[in-house]
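In what follows, structures are represented as C-alpha cells.
Each of the next two complexes has chain A plus one other chain: chain B in the first, chain C in the second.
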Partner chain A sequence: MPAAVPHGFYTDTTVCIGCKACEVACKQWNQLPASKGGAPQLSGQSYDNTLRLSGTDWRHVKFIEDFKTEDRSGGRWMMMSDVCKHCVKAGCLEVCPTGAIIRTEFDTVVIQSDVCNGCRACIAACPFGVIDINPANSVAMKCTLCYDRMKLDMTPACAQACPTASIQYGPIDELRDRAQKRVATLQAQGETRAQLYGADTSILGGLNSFYLLVDKPEVYGLPANPELPSRNLAASNAFSAIGAAVMGVIGLVSFRKRRMDRFAQQGNNE
Partner chain B sequence: MAECHPVAFRWIMKAKLAGATLIHVDPRFTRTSALANVYAPVRAGSDIAFLGGLIRYVISSKRWNEDPFFKDYVVNYTNAATLITDKFEDTEDLDGKFSGLMAYTGDKLNGFQAEYKNETWQYEGTVAQDQGRTASSGQSGEQGVESGQEGAAPETPKGPPYDELVKSLLKPPAKTDPTLQNPRTVFQLVKKHFDRYTPEMVEQITGCPQAAFVQVAEQLLKNSGAERTSAFCYAVGWTQHTKGPQMIGCCALLQLLLGNMGRPGGGILALRGHATIQGSTDIPTLYHSIHGYMPSPSALKSKKHDTLNDYIASETLAKSYWANFPKFMVSYLKSMYGDAATKENDFGYDWHPKVAGDHSHMPMMLQMADGKVEGMYALGQNPAVGGQNGIFQRRALGKLKWLVVKDNFETETAAFWKTAPEVTSGEVKPEDIQTEVFFFPSNQVAEMDGSFTNTQRLVQWHNKAAEAPGDCRSDMWFTYQLGVRLKEMYQNSTNPRDEGFKNLVWNFQIDEETERLHAAEIEKLGGDDAAKQVKEPEGEPDIRKIMREINGYQSADPTKHLKGFSELMDDGSTTCASWIYSGIYPEPGILLCNNRDPQPDLDNKGLPNLGWGFAWPANRRVLYNRASARPDGTPWSARKAYVYWDADADFTDTKTGEVTKGKWVGPDVPDFVPNKAPDYQPPEGATGLAAHKGTDPFIMKADGKGWLFCPTGLVDGPLPTHYEPAESPVRNVLYPNQQINPVYKAWGREDNKLAAPGDPEFPHVLTTYRLTEHHLSGVMTRWLPWLSELQPELFVEISPELAGEKRIGNTDKVKIRTPRAEIEAKALVTRRMRPMKIDGKTIHHVGLPWHWGYQGLVTGAVVNDLTALVGDPNVSIHEGKAFVCSVEKA
Partner chain C sequence: MIDELYSASAHWTWWIIPYFFLGGIAGGCYFISAMLDLVGDRDDRHLSRIGYLVAFPAISIGLLLLVLDLNQPLRFWHMLLRREDFIPMPFAFKWWSPISYGSWVISVFSGFAFVSFLAALVRPGDTPRRGPLGLFQKIHSGLGVFSKLFVLLGAIAGLWTASYTGALLSVTNRPIWANTNLLSVLFLVSGLSTAAALMYLLGRRRRSVSEDALHRLTRFDDLSLGVELIVILGTLATLAAVLGGLPSDWALTWGMVLGVTLLAVIVFGIIVPLAIGLRQSGGRSLVLASTLVLLGGLFLRAVVVFSAETMEKLG
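Let's turn to the complex of A and B:
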C-alpha cells in the first residue's frame, strides 16, 4: 500500500493523441456498460462520441477543433482526457446527505455505491458536471481514481493504458513539480499559452486531478472560476423552506424514478 | 501514426519531449497532425512530386553543397558516382517514359499495361542484372522479359559445392566518377530527372503551399548531417498506389542523399498494417517469395529456373552477402523435404511449387470471378470488406465450390451469401450461391504462445494468457492438422506432382522430444510457469520444433541447433527454413526472442537494447550500420557515434581461435565483416563480402552501395517519377502525355470500370483510411461494445466548403459514388478537411474510414465497394488511397 499522502492525476494535454485508451481501460476495469449496447449514434462532434462524463463514462476524451482562419493556418485540434477533479474542497462531498461520498487517505473523493441513495444532490453540486446516475444500479457514480487499485499500489487503469503518458499518476507534490517544469519548457519553446489548471489552491483548494493546457480553460470546456455550492449558502437560507419542500418532491420523484427504472430493467431482461 | 499506431507513437512523443521536430505530411489533418510541429497538406497520390521536390531542394541547397558530410556520404556509400550506360534515356528525354518500354505480350491476367526491358538502365560496361536479381524474378514473378541473367550456361560449373559456380558469375566492376561531374553519373542523372520539381511545381501538383513545403525541406536539411539524423515513418497507405514501391524508393533516395541510412535515428520505418506483417514477409505468405527473401522458383522462367543449378545461377550474386545464396536455398530445401532431399535429386527442387503467373490477391479474385478457382481459405482475412471493389470480391466468392473462413467472429466474408447488401436488396439470391462455407472459430493472440516480428525486424515472444473459449483453435493447430490430413490423403498417390507433398517434412507433433527440447527452458522458468509450458490442447503442434526448423540445425543431429547463418552449408549437411532468422534459437532452451531485459538506462540514452527480443539478422538493430562511421572508420560525430573501427581491439576468429588487431565496435552488432579494416581493398577474383571494399556498407548489394538509381529490382523504372493515380481529377502537369505509370496493372473489365482523367462526373479525390478506434475490417473491434461505441457509425469527412456547395449539413446522410458503386454514409463536416488548389482547379478531398461492414455489433456500408481493382506492377499492391468520386446529399 502506498503512503497515505495526496495522490492524483496530472494530465498533459499537449501529448494526448485522443486514442481513448483511457476510456476503454476505465470501462474494462470498472466493468461499466457501453452506451446503447455499444451502438450509439454518430455525434457529429469531431471524433467525440462519448460527449460527456456520466455515471457510466468516467473518462471522456474531448476533441476541440480550432481552425478559424480561411486557409486553416495555425489550425489546432486539441485533445484532453477529462475526468473527476478530486477537488480538495469538493462540492459533491459537501452536499451529500447520506455520507456516501468520502475523502480517502489519498485525498481523493470516492462515492460509496452501497451508501448512495441516488438523491442527485452531488450531480448539481459538481461545477464540472462529472457525476451522474449509473442506470445499471441507479446510484451516483464517477471516477474513484481506481481506489481499489491504489490500495494495492497499482496505477489507475487509465494512466496505465495511456500510451503517450498524457495521463500521469502519483503523489500530487511530485506531479506538480513535473508539471511546472513542463510548463517552463513549453514556455521556453514559445508556447506562451501553456498553463496549469488546478495545480495550486486557487481552484477549489486545488484539484487532485489537474491539467496542463495550452489555452484558456473555457476553450476546453473547463470553468475559469468554479464555485462551491456553500458559497451561496447565506443567500439561499431564505429559500431553504421552499428548498426543502422542493427537495422532498424531487426526492420522491427520484425514488419513484428509481423504482420505475428497475421495473423497466426487469421488463427488458424478460 | 498517432491514428493507427498509438502505442508506437509513444516513442515519437518521447522524442518530441526531448526536442525532436515532428513533421506530418498528409491529405487530412489527423490526430498525428494535431501533435506535429509542422503540418504539410498534400493531395492524395501526389507524394512523388512532394518527395522529388525535396530531393531537388536538398541537392540545390547551400548546406548540402557546402557541408562536406553530404558529399563524403554520398560519394562513398551510394551509387551516385557510378556511370550509367549512354543508352539510358530518362523520362525527361522521352516525355514521361523511360527507355525500354514495350508492349506486354504475356498473360492478360497479369494485368500489365506494358513492360520495360531494362537493358538500358544498367551500369556502364556491365550487362543487365550484374547488379542484382532480375526484377521479374525478385518481384512480380510473372514477367518473361529477356533482361534477366542468362541462367546456367552449358559451361556453368555444377554444385554442390557451388563455390566455382558463384565464381563463374563474377563480372567486372562498374565505372565511376567520384567527382560526380560526368553527365552519365547517377548523381547527374538524378539531378536532371528532378530538375523540374521546383517548389512552384510541387504546389501546382500536390496543392501544398510553398511555404509549408519549404519549411519541411529546411527542417530536414537542418536536422541531417554528421551531428543529427532524420527518420521517415510511413504507414502502408503509402504503398497502396499504382506507383507505391516507387514512393518508398523515392523516400530512400532522399534519405541516402541526406546521409540518413545505416545511422542511429535515421532510416525509413514502415509501420505495418497489423501485428507481424513483417514476419509474414520474412517467412512469407506471399506467392513470389520464399523464406528469407529468396525468389519463388518460376515456371515462366523455364530457361532460367529449370534445374536447381539454373535457379542458383540466375539468382545468385557473386559479390555481396547474396553470394551465399546456394547455402540458403539448399538448407531451405532440406527443411522442406528432409532426408528425401539429396544431392542426386537436386534436394527436391523439382517438387517445389513454381510460379505460373501473378498469383496475388487481385488476379486470384479475377480468376475466381471467372469460375477458375474452386476453393479458398480466408484465415484472419476479410476480403468481402477489405478487398478492392467489394461487390466484385463478394461475387467472386459466390463462384467458389467451398470457402473456409477461420476468424474470431462470423465475418462479412463468412456471411457474404446471406447478409451482403446485394443479398438483402434481393439482387442476389442465397439459393443461387453454391459455395459451401465452413467457419472455424479462431483463438485470439492472447490465447496462444507465439512470436511477433515488428517493423524493426524485432522478434518478440508472447505467452498464452488465457484459454480460448469453446471450439476455438490456433492458426498453428489448424495449419498443422490440415497438413497432417493432406499427407494422409496423398500417401498412396502415384501421381508425380504429389511427390512433394509426400516428401514434405511435417514432424511437429508433441512427443517425448518436446520434453527434451523444453527441459532447459523449464529449468530456467521453474515452478508453475514450467508446468504451463508443456500443456497444449490436443493436436497442437510443438511450437519449439517449428522454431528449431526456422532457426536451423545440423541435418544429422537436430539437437545441434545452428548458432547463426554463417554456419549454413550448401551440401545438405545443414537444415534451415529461413536463413535470416538463424541464430534466434541457438540451443535448446535458449529462445532469444523471449529475452526480456528491460534496461531502461539504454532506452533513455537512445542506445539499442540487445537484450530485448531478437532482431534478424544476427540481432542487429540498425541495418547497414557501417554507414554510421566515416569511410576511415571513425564516428561521423561524437553525438552520433554508433558502430566504428577500433584498430587496437583484439579480434578472435571463432573458427581458428587466432587473435588479430582491429575490429568494428559499438553498442549494436556491426553489419559488416567484423575485422574488415576500413582500408581493405578486394583482391582480384574475390567473391561474396571479400569482394567489397572496407567502405562498402550496403552488404546485400553487388556493388556494396545504397542505390539512388536502381538498374534492376523494379519493373517500372530506375528512378521514381510523378504520375497521376489511375483515377484523378487533374491531368499530369509534369508529363501531359503520360498520365499514369505506363506499366501499371489494370484489367479493363466492365465490372471494374475506371473513371477517365478529369471526368466531371467524379470531381473529388477520395481517400480511405483507418481510425484509432477500429482495426482493419473491424473484426477485432466492431463486435466489442467498449470499442464500437467510440466510433459507432460510418462517416464521410468533408470540408464546410464542399458541404456548403452540396447543401450537406453535419450528420446528414450522403451518397458517395464511383464508377463501381454507390454507398451511403453520414457527413462529418470539419474544417480539418480543406479545399486545395491544383493546377488552377479547386479540388476537394472526401475521406472515408473503411472499418464497417454488414456483420457485427455496429454496421455500415462497405467503403471498399467504391475502390477499384488496379495496382502497381512490382508487387501488385492495389491503389486504395487515391481515386475519384461524387458526393450528393441522400
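Let's turn to the complex of A and C:
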C-alpha cells in the first residue's frame, strides 16, 4: 500500500504531441462510453474532435492552434492534456449537497456515483468546467485520478500510457521539484514564458494536477485567477438579510396602517 | 475575458425557472399572510387565508419540479440525509452551500406552509374544529404567543425560500450569476411583489375580503415594486464592470435577446404596474397591473437563468 501522501499529476505541455493516448487509456480503464453511441463526430475545425471535458471524457487533449498572422509566421500548435485539477480548495466539493464529492487520503477529489443525485451544482461551481453528467448513469462524473489504481500503488491509466512523459504522476512534492527544474531548464534555453500553473498555493490552495505552460493560462483555456464559489456567500446573504429587514418594515407599515388610522381617527373624534 | 467564462453550464433551465417563480410566490404569500395576521385587523384574516391557501400548493409544485430536475430524482433525499445511515445534520448539511442549506430551508418552510394551509382550510367562521384539522387550527392561531411565533418563523422561512435561490446562482463560478451578489435580494423582493399581485387577483373577487385590505395589499405591492426597481438597477450596475468581458458573439445574439426581455420586464413588469398603482386607479387597471407583475416575475427569472445558461464554456 502506498503511503497516503498527496499525489497528483504534473503535466508538461511542452512535450505533449497530441497523440491522445491518455484519452483512450482513460476511457478504457474507466469503461467510459463513447458519446452518441460511437457515431463518428468531427468537429470540423481541428484535429480535436473531443472538444471538451465531459461526463464521458475525463481527459481531453486540447489543440491550441495559434496562427494569428496572415502569413502564419510565428504560428504555434500547442497541446495540453486537460483533466480535473484535484484542487486543494475544490469548488465542486464545497457546494455538493449530498456528500457525494469527497477528498481522498491522497488529497484527490472523487465523486461517489452511488451517492450523487444529479443536482449539477458541482458543474456550475467548478471554475475549470471539468464536470458534467454521464448520460449512461445520469450522475456527475469526472477524473478520479484512477483512485482504484492508486490504492493498488499503480500509476493512473493516462500517465501510464503517455509516451512522452508529458503527464507525470507521483507525490506532489516530488512533482513540484521536478517541474521547477524543468522551468529553469526551459528558461535557460530561452523560453522565458515557461511557468507553472497551480504548483503553488496561490491558485485554490494549490492544484494537485498542475501544469507547465509556455504562455498565459488564458491561451490554454485556463482561468487566470479561479476562485471558490463561496466568495459570494457572505455578501449575498447580507444583502438578502438587509432586503428582508426592509421588506419587513414595509410590510409592517403597509399592513399596520389601519390600526394607526383608527387611532388617529379616535384622536380626532376626541 | 472574465474567469467565469471557463466554467461549464449546469443545465438548470426549464424546471428551475418555474421553481424559482413558485418558490418566490410561496414564500411571499406566506410572509404577507403572516404580516396580516400579526399586525393587521381581524377582518384581514380573509385575505391572509388566501395567502396560506396558495403557499403550500405553490411550494409543493415547486418541490416536485426541483425533484424532477435531478438527473436521479429518486435520490432526492440524499440532499437531507446521509445515504449510508440516514443520519441528517450535520453530516448532510453545509451552511456554506446554498443548495445544501436551501434544501433544509424549503423543507422546513413546507412544514410551516402545510400546517397553515390546513388551518386556513378550516378557518371560515373561525369555529374551532375537533380532530387533526382542529389541531392544525390550534397550532396556527389558537395558542396565543406560540401561534404568533409560529407564523413569524414561517414568514422568515418563507422569505429565505424566496431568496436562497438567488444565492444559489451567485455562489457558483458561472458568468453573470457569480458576478453580482444582488440576485438573492432581487429574488426576495420580486417574490414579494409577485405574491402580492397574485393575492390581489385572487382576493378581489371574494366578498369577504375588504376593500381596505386589498388597498393595503396593493400599496405593499407598489412599495415592493419600487424596491425591486432599485435592486434591478443596482444589479445591472454591479454587472456593468463585467459586461465588456463577455464574448461578443454571445452579446450580439443571446445578450441582445435577454437584454430586450429584461428591458420589457423593467418597463411592463415594474414601471407600468407601479404607475398604475400610484395613480390609484382601481378595478380593471389593477388587474392588468397585477397580471403584468406576475409575468414580469416569471420573465425576470428566465432572463437571469438564461443569462449564464446560454453562455458556452471558453477553452
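By definition in this document, the second predicted complex is superposed on the first by the 236 of 270 C-alpha atoms of A that agree within 3 Å, B and C clash if a C-alpha of one lies under 4 Å from a C-alpha of the other, contacts with A are read in each partner's own complex, and residues count from 1 in each chain.
As a working rule, a residue touches a chain if its C-beta (ideal position, glycine included) is under 8 Å from a C-beta of that chain, and two chains touch if they have at least 3 such contacts.
Note that the coordinates shown come from a computational prediction; the quantities given were computed from them, not determined experimentally.
Visitor: May I ask you to name which of chain B and chain C touches more residues of chain A?
Guide: C
Visitor: Please indicate which partner A:Cys19 is in contact with in the superposed arrangement: first for chain B, second for chain C, both, or neither.
Guide: Only chain B is touched by A:Cys19; chain C is not.
Visitor: In the overlaid three-chain picture, which partner chain does A:Leu222 touch, first (chain B) or second (chain C), both, or neither?
Guide: second
Visitor: In the superposed arrangement, which partner chain does A:Cys116 touch: chain B (first), chain C (second), both, or neither?
Guide: Once the two structures are laid over each other on A, A:Cys116 reaches chain C alone.
Visitor: Using the superposition on chain A described above, determine whether A:Phe67 touches chain B (first), chain C (second), both, or neither.
Guide: It touches chain B, and chain C stays clear.
Visitor: Quick one: in the complex, what on chain A touches chain C?
Guide: 52, 62, 91, 94-100, 114-121, 123-133, 138-140, 218, 220-227, 229-230, 232-233, 235-237, 239-240, 242-244, 246-247, 250-259
Visitor: Any idea which chain C residues touch chain A in the complex?
Guide: Contacts found on chain C: 1, 3-12, 31-32, 35-36, 39-41, 44, 69-73, 75-76, 78-79, 82-83, 91-92, 94, 96-100, 103, 156, 159-160, 163-164, 166-168, 170-174, 177-178, 181-185, 188-189, 192, 212, 216-217, 219-220, 223-224, 227, 231, 308, 313-315.
Visitor: Can you list the residues on chain A that touch chain B in the complex?
Guide: On the chain A side, the touching residues are 15, 17-21, 23-24, 27-28, 33-44, 46-47, 49-50, 65, 67, 71-72, 75-79, 163-165.
Visitor: Show me the residue ranges of chain B that touch chain A in the complex, using the header's touch definition.
Guide: 2, 6-7, 9-10, 13, 16-17, 29, 31-35, 39, 209, 771-773, 784-793, 795, 810-811, 826-832, 834, 857-858
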